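Two complexes, one shared chain (chain A), two partners (chain B, chain C).
So, the complex of A and B:
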């Protein structure tokens, strides 16, 4: 039954990774719900949507990079640099307008992404090394040029405070009320846009082709530079958007935040089935990976466990599940007498 | 040819950094002609194809396509003029679907921005129908067999309105039946006006369908020949510039006690009830079509593919070869089928590769690896095997195929194995190196080693083996004793035994279908 539904909705079968993630999630939800009745509620779901929005946007960008055969670790730095510079610009100009601030962050993010693409393309550097370098350069340059002053609620632009507090609908209960954040539809829109770009445009198919085999891609006339520019500018733009969502949600602007959390995002995408070797990865897998990560992060308290357990659980799932799936694949290869490392 | 040629090249010359790669080549292909382009590695074939396809530009000479002289040409213009090249690696995208692989080129050139799935499937289906093959449009290409991947590559070329199709070594990875299917497709396309240029250095099925053959040697054209005017000997002579005759191997050892005895060896789905033995000085040929179980058997003897039942005995003592290191302990060595991915560390130096099996012999007193000892060992191997490149610090990947194979063989012979299994030792190797490798194998056998020589090529078996086992569908189908091998007409008998097995029926071997199901269930290529 479920297979029929997924086949119809996705137009394909689910990958083993996606099935595992769904199963783990279901088991986890049942366990937590049986321990803590308050857990299984809309309020928890809404909290999760609010807290996980930023991670989901970054993960979708990260997915495109992984499919293209790259590994970007500069997206958190770009999120901070894009968001922080845009806020400073709006304060300097006295323009307290959300659209302006978002546009500023997105444009700065895309520009920084294009720098990544150009460096990777012309110096033929490994993407990890290039972005490891640019992450420090971007963040360092921002601190030197713009400073690293934090802004508390009173100094955060009003439009961002409104944005962070806005709910698309609220549910009132006797002594509390909670709502679904405006971030949620934005995340959905980003997901749909990413899906459309990857699966319905030639540039998206080029990303898969370049990730599968760059040499063959250039032989059939795919412009590798253009494809890379698209990939890194897109992830840059998404990072800029995420920076504003992140600051707005916290109502506190700290330019030292976020940087250093990129490996968590990459882990969530990898757990969703994207491969570091390029050419493979799915949006559904990424979404499930991020949801599982955020579930652990936000709901372990219901089991009375500290947030340290989040890392433990998530890491264990990552290692065991990937280990199991690759083992199965290796056994299949061995049966077919293919002796390769992956 | 009365009709004007579709492709005509005049006086093409090209040099790279002072080295003349091509000297004034004239080349013509008529409409609907099938032409073979033959030559050893380094004879200029690939440079020529790169110029025709616009990847490189010629220093001198003209290219005329359908009467129109091309002044400058980049890959896109060559493609627009109807030239399509199918490289040996096929240049497909494993993670994309059949339909996408076929249509992506067409859609790219049409300047589409969006993926219209209906159009995409239409383009793909149209080409598949044209070649008369039915493939699942949504399956990822990585799940297809090599033969079907080739079909996808052909369809992709056809979708670009190809007028001349260049195919680089199209049949090396195909089984006999698959080759026949490929050739019938090409002949069918020929009748509809498509010209094909096969690039090959092997006298094989491809030559049978060719109308004419052009031979290159050392960057110059030796001449154009009718296929019927050439035989193996004259082809080799034209390609190498000398008479290449292989000395036939005759066993002179007198010790008839077998080193290796295999009895009733079976592995479900791979091979069944295989018996044979190897004495000192034997070169036992093991042949049969791809999928006959010969490679699977070889892997079992080296501990990489555990047999279900049967026995393997070394010098009369039964052994359990459970892993490659156990095989090595018993004196068994294997030269794998694919030297680059299985037999060598391509990015490492010749010295590292040559000494890889003998690390215990290149350590100094305190047990650390010694560079001077490594180099000394590598130097002897390089000398003994006549590797052309004497600099052992060169990465193996930069050597020619023949020299790579010499290093791969060399790394074993210093261990002095008693049984040496050679799986397809001369695939993709030019004729000159081939005869050197044969001589080396003969010397090893003469010194008392037992050799199991796996090969597709009857000529090679005839030249090297004193006994032959032919497998089909996992079972031993025919055997030839020393007397049979020495008798006149052996080669014809052998060819007949390989192509017309006594036990008919389909080969039941675990093939790509096992992974097919696996990767299809991953379904990574459709949506979201």
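So, the complex of A and C:
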């Protein structure tokens, strides 16, 4: 089964966007490696896997929202609220168990996501406006109800510390060691699950249908509310999971963190070829978009550049890719004699 | 019947409104007298933090509360602040306080220049204004005084000494700041690097421009990973944000390395476990509770018509303000707190 899934994923022909991203990535890696020989090492790859895993999980959730034709900016707030509430709950109950903490965060995340879906559906609001509002409401309510105390290593639940420090295998060197974080297989699992849901289930196909054209989708009998509930609960659940990964990885629980970084995630998904107008987007593209983003973010020291260059590179690629996507779209439309605004 | 009832409601609402108006006039009249006149001759001193809820300003409010307890028969002192670190929200709070005609306002500005005009209005209304971390306002009409916890150069030298000791006086080191726009961070590093260049010629700053960690925990960790891989011979790291120090500590911890000296601006509760476990070698900071106390103390002196001069002791029990230096509006304390391994082995952190 597993093998079947992977071959199916890999046998698909790559889109031009994906090829293009791979090319940029390859060129960039060569440049960095030529500047800083230490860059091209397993240790760097493992560092990247560790530091980028949170962003990757958020991006996979974000991809589903974009495919459904929405734009969610509340997922970082949900990650923090889900993660923080769950940690407080486990502390209050004295249950220092990772499964309990993760389950708590995932459930709270899914619940908050369902609130998003209901508001978007019944008030017929733009998803951006609705989630912009709920992001503040969720985070504000958390600060009012639960406070905003930070927990440093001494107060972080032991199970989370162990989780954050766990490597699936470790390579020992003379006076140091490095390992592949447990987050990595989790990210892979989330990727496969997302792929399966999107491409192998009815609900996943209806996400594409709703994203392409909600009107037609509802006429062919797709339940729009159910689809939206699925989309926003799924992204909420992933956000909750990411919150725990984020807090565990840093061994520091700061409820003011993360909020405000959502646009970076959305941009990475868009670079990966997901269309802001809905109906299009691929897992592989998203993965490549996030990896490129993380590469830029984690290599500037190697290149001897200040952190402002990260924004410059990323922004340049974003603008270029968007131009590329829409140019191709227009050409395709012309060929097919389709005359629409997008 | 329906009509009669609504008319009755209307009448009572009007009556209520009128009585409220009258009552309002009454308080304004009474309050219009001498400062601090109405509420039992106590001076009202309000401290406005950058943002409420975080550890740092919770600790500051402890200093304010201690001051309130110690001088309870003369003052009513408390701390408030915006829920987010937003300059505009701070301005609104100060405007409210001016309207309430408090006697003194203490502010830790999010944006010193931006809050200047409203502070000037407070002073025009006869309110004493004290600030900290706002040397840009020294010499303007916006403030009565600015207290800085320490001299920036001394603070930088403190870092340098800690780093030199941890590195054994030799090897490569790099630095990071929150942002290259944070002036005080750059002043500390400049003083630290100069001190090291003069006293420890075998210590080499391999990259003269400090790296940035944007005061972000995740970026602090990513930067540490990158530095460790870019500079294989790195022996020291000096960073001016708590995120920078804990990021390096967590990278060293995961990689099982103890060969890099990690020196950081920090808080005891953030650095404690890392200091104990050997992933941070030296931390330095100051106590925001001392801020709260010192700022209120000077405001009270001014309200009572007393002068504050160099050498005065602000009677802060945890130290740092025994002998202040006064230079016009600028008041310097000497609250430089070193945090070293073993100091918090009992797991009790003051803040």
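Operating definition for what follows: the second predicted complex is superposed on the first by the 318 of 342 C-alpha atoms of A that agree within 3 Å, B and C clash if a C-alpha of one lies under 4 Å from a C-alpha of the other, contacts with A are read in each partner's own complex, and residues count from 1 in each chain.
By our rule, contacts are C-beta pairs under 8 Å (C-beta built on N, C-alpha and C of every residue); 3 or more make two chains touch, one makes a residue touch a chain.
Predicted, not measured: the structure shown is a model, and the values here were computed from it.
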Contacts of A:332 with chain B and chain C, given as first, second, both or neither: first
Contacts of A:215 with chain B and chain C, given as first, second, both or neither: first
Intersection of chain A interface sets (partners chain B, chain C): none
Sites on chain A touched by chain C in the complex: 36, 38-39, 41, 43-44, 47, 50-51, 54, 140, 143, 147-150, 152-154, 165, 175-179, 246, 249-252, 254, 256-258, 297-302, 304, 306-307
Touching residues (chain side chain C, partner chain A) in the complex: 53-55, 58, 83, 180, 207, 209, 211-212, 214, 216-219, 221-223, 225-227, 229-230, 232, 246, 250, 253-257, 259, 269-270, 272-274, 347, 349
Chain B-facing residues of chain A, complex: 10-16, 195, 199-205, 208-209, 211-213, 215-217, 219-222, 273, 279-284, 329, 332-333, 335-340
In the complex with chain A, residue positions of chain B that touch it: 75-76, 79, 87, 89, 91-96, 100, 104-105, 107-109, 112-115, 156, 295-296, 299, 304-305, 341-342, 510-512, 514-515, 518, 521-528
